[in-house]
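The next part holds the structures, each set out as structure tokens.
Shared chain: chain A. Partners: chain B in the first complex, chain C in the second.
Now for the complex of A and B:
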């Protein structure tokens, strides 16, 4: 059996070995010419090329589009508008009245997104922390429960949206249940408040497992001795949580908060499949606004959509820099321990 | 205050009996050391006393009160953990204050207690540092300080020196003993290091496989081990334990050598390596296999006829070559005799 394995292995590695031999001489020559740093750059080149083609180039293109106006698709056919699109997005006659804004839909989407971020991230963090605390206990079938909470993370966002639409729809499972017990059906997704709450709830359900897992890893890294020391000191459970668990969980918690913020700002797929931004504009979020303006509306305006996405990108860059800074701070703290 | 009585303490995890009926009395102000090999149940027993684990059966009394059903916080005890268990995000001062704040003690009283403990342990300059900025020895002091400020009925110390390097361990050993003398508090100290046990304890409890093998003073254990396990466990290097049989002329080793020891009923003769001496007329003939010269003394490894091993600690640097045949003598009064049941035979 072992001989067969070795034989199969040799067959698989033979072409790779041949390929490596082919590359050996030119790579050595290149290394002599370029030095060690040059070699590092050489190996990074394929990845940088992919990053350049799929990230940097579209980013540049987006910035260029945001400085143009008109409905033409190709950049060469578009008119240069300077910062006009940004001005259109941000100009309001009266900032206390969104209807006075040139792009009132943008402001509505911005307001919805801001509210979504605050409500969803807060609820998500609280629930993920509670879930992690429960899963960290010595439960019966703990692995099963962890899998249950993590399972939705594996689903495509569109599938998540569809599942919940089937549940919350006027003719959905939930209403069928209500009718079965003699209650009136509710138009969950046609009520502004219910629809917004549904968008919040569904995105929490979909992402909870991921964030709970990060927090669980943090909880498991807290030495048990600390809890026993607190027990010997007669510390009440609430004080143990606030004074021991939470401070020691903070590195993971900060990562979770920033990641959750980034995801919440980007909210689109689950909410769009679930409510389509409605009823009215109750669940119209920034990403959907950009999609509608750039691709879906009758009067497409790629320049305006590009400008809105650059503004949203700016917020995400700030959040990402915050995450990187926190990561570096955690690293420094870990070295101090 | 601080008398602790254990009555028939048993602990079972599934089918495994970890503690098999422990009876023990720790007197007020006594420093008792639990010692034994890994897995003997010493830490489990300490955790039961602390209230961090519950015994399956049996009772724990502190100052005459049955505390078996009480939680850890309600027993008036303080514990120093092997890992020190200092809260890494708090300063030394906050670590020491944390337990007192739980009792709603006045801040002035907390500050006074911390100042007193810090002075006693010479950690005053460290009070505003975090544990991550302290050396192992300093963390150890802080952990003790955190226990002291609570003024507990008794201190429980779970292998507190095992994370320190050899040199620091020796000095901390002495400091802990001095602290015990100064505080006069009951202390129960768990260790697997028998030197630590011998140097610190008023009494040592030797545990093996969940049972108490012997409870005695350090020298009592050394001079009169109750059984083969204690004889082999206490003392470094370990006692020579030779199989043989008792006869009219003395104790005959399995290799045929006859030792002039009155040994009725004994099947094992024990002799500490330090009690052997080079003696051209001695009854033990052995072939040297290894000489470990430590400077002030030398440890001699040798084979007796019949294959049994001999270990001798001789003063100075004797000129012995590997392979040399050497005669050893000893004072028969130093011999320890054990019966077939492993227990000490009557002298």
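Now for the complex of A and C:
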């Protein structure tokens, strides 16, 4: 039997061995010429090529567009404008009065996005942590509850936006319920604060399961004996959370924070379908501004849209680097202890 | 599998994925039932022209608005497209003149709107209007009757209509008295009726004038006063288009200002739910103007098969085809011969439709020169966009009217400068 197994294995791997033999000689020659570091670069090349084509090249193209002006969409047909588009986005006569800014709606979108990031990411992380802690306990039908929290993640963002729109609309399900119990209907999405809160709430509902899952994986990796030792010492639950759970959850938490921040800065689809950026510009976020300027407007301005997206990308890079730096500092602290 | 069969299979799979000589792709969107009518006509064209493979690509209106321009700028896209942003994209249209059997037929029957779809100063034949549209109002006659309020007659002003509709709304408990689609285009007829003229002496956009200010002030007041349905304009930002047709269809508003292209939509969806009538455009201080427009079927200059494209265009521009298309889609024809002969047999059992179409035909005589000039004016789009963007900010309480007017001027100026 073992002989048959070895024979089958040999047959299956034969093409691979043949291929490896074929590459052996040229690779040895290349290693002699390039050295060990050169070989590392050689093996990284396919990945870097994909990264270059699909990330670096479009990024370069975007930067090039941001330095041009005109109505033409082809780069070759556009006029070089230097930093003119950035200047247009960032110029205000009086920075305390948004209306004095050349592109006041860019600043409005920037302010809305900043507020959204702070509120949504904070609430999302608190709720995702609480959800993960609950789902980590010995609950009845635990798998069912995990599925319930994860289910919205499977929905398309447009579907999420539409579901909640049908609930919160003037003629929506919520108002039908209010009328049924004898109350007056409310035009929820025309209230600036409620519309903003709805955008925050709906995006949390849609992504909570994903982040809770990452944190749950982290919680399950924490050794049980630490909790048993704390229990024997009579440590209070809050202290256990702050001294054991949270520090050991930090690597996962860091991933969650970085991903949540990036997603929050890029908020678009669910919010756009739900509120359309309204009422007024109360939920106009940066990505929608870029979409409006670059694509939706009848007279499109790709240069301005590209400049706004480069600025947004810059903010994301800064935030990510900051998070990574904080993570490294925490790691170093933990090692010193 | 023999080598021969493999080559054949490979060839077949390549044929399935690439366009062949003789293929003509037509990008088509529908507001109402015209997609179904078009499918029927395409089948007839194919039977008549077996050598030309006409492919009808039905897409959403948003695709035409947002993606077609990008395709065209890249020198790609369909061979023929149905568009409403006709003038802005005019540099991409094909001059069909050398490919047409009888260019004189086109100039005679479609010449009145030829400037709408070609660059300034050109005499090219690039396509034809599939229908003419005119902005105007619709009233829910049943709600007016139930409320005991008489429908305002010819010459009634915007104030008359809003006041009468507000009475109906109060009596019948509707969500609001009226709504106008969230669109700068839709706001323009009323602006012109109050004396607005968007075109400056140099052909560029003029600063916001007293006419636009007068109607904008009224509109904002009607939203603040609850007469105009707030959702349509306020529950969105930027230049996003929002129609209020569903609110009219669901009897949530007794009066709705949109345009003639809604007739088939209202007829299909309202059915015998209630009686409705077209009202034409309410009057302002300068007149009772709507804004003409429509959709054009245009040939794209990047086509590899201009001769076949011309054959397709000639088929759909035939007098009998235009007549049939108009009768079945309930669109106003843009063909001079069809319009002059009259006698269109509108194919509907809905008694509201024929009367509504007659009202729009009559209202076309009320279009003021300042409105008539706009479809062929290349800067109309930035003006429409800026109007809807800033006026809805005023309605949402984010700007004062004076600030909005200043912003409209600067937005337009920046867009004009950026487009150079």
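As a convention for this text, the second predicted complex is superposed on the first by the 264 of 337 C-alpha atoms of A that agree within 3 Å, B and C clash if a C-alpha of one lies under 4 Å from a C-alpha of the other, contacts with A are read in each partner's own complex, and residues count from 1 in each chain.
By our rule, a residue touches a chain if its C-beta (ideal position, glycine included) is under 8 Å from a C-beta of that chain, and two chains touch if they have at least 3 such contacts.
These numbers were taken from a predicted model, which means no experiment stands behind them.
Trainee: Are chain B and chain C a fit on chain A, or do they clash, once the structures share the same frame?
Mentor: On the shared chain A, the partners fit.
Trainee: Quick check on the superposed pair: does A:223 touch chain B, chain C, both, or neither? Answer first, second, both or neither.
Mentor: First partner only, chain B.
Trainee: Looking at A:286, would you say it contacts chain B, chain C, both, or neither? Reply first, second, both or neither.
Mentor: A:286 sits against neither chain B nor chain C.
Trainee: Chain A residues in contact: does chain B have more, or chain C?
Mentor: Of chain B and chain C, the partner in contact with more residues of chain A is C.
Trainee: If you stack the two complexes on chain A, which partner ends up touching A:247: first (chain B), second (chain C), both, or neither?
Mentor: The first partner, chain B, only.
Trainee: Considering only touches as defined above, state whether A:101 meets chain B (first), chain C (second), both or neither.
Mentor: neither
Trainee: Just checking: does A:255 make contact with chain B only, chain C only, both, or neither of them? Give me first, second, both or neither.
Mentor: neither
Trainee: Mind working out whether A:189 is in touch with chain B, chain C, both or neither, as first, second, both or neither?
Mentor: second
Trainee: Considering only the touch criterion stated at the top, classify A:235 as touching first (chain B), second (chain C), both, or neither.
Mentor: The first partner, chain B, only.
Trainee: What is the minimum C-alpha distance, in Å, between chain B and chain C after the two complexes are superposed on chain A?
Mentor: Taking the overlay as described at the top, chain B lies 50 Å from chain C at its nearest C-alpha.
Trainee: Which parts of chain A are in contact with chain B and also with chain C?
Mentor: None.
Trainee: Which stretch or stretches of chain C touch chain A in the complex?
Mentor: The touching residues are 65-66, 69-70, 73-74, 85, 88, 175, 230-231, 234-240, 242, 250, 252, 381-382, 384-385, 389, 392-393, 395-399, 403, 407, 410, 414-415, 418-420.
Trainee: In the complex, go through chain A and note every residue touching chain B.
Mentor: Checking each residue of chain A against chain B gives 223, 225-226, 228-236, 239, 243-244, 247-248, 336-337.
Trainee: Looking at the complex, which residues from chain B come into contact with chain A?
Mentor: Those in contact with chain A are residues 50-52, 71-74, 77-79, 81-83, 85, 87-89, 98-99, 102-103, 130, 132-133, 146, 150.
Trainee: Going by the contact rule at the top, pick out the chain A residues touching chain C in the complex.
Mentor: Those in contact with chain C are residues 69-74, 79, 88, 99, 102, 104-105, 170-171, 187, 189-190, 192, 275-284, 288-289, 292, 295-301, 303-304.
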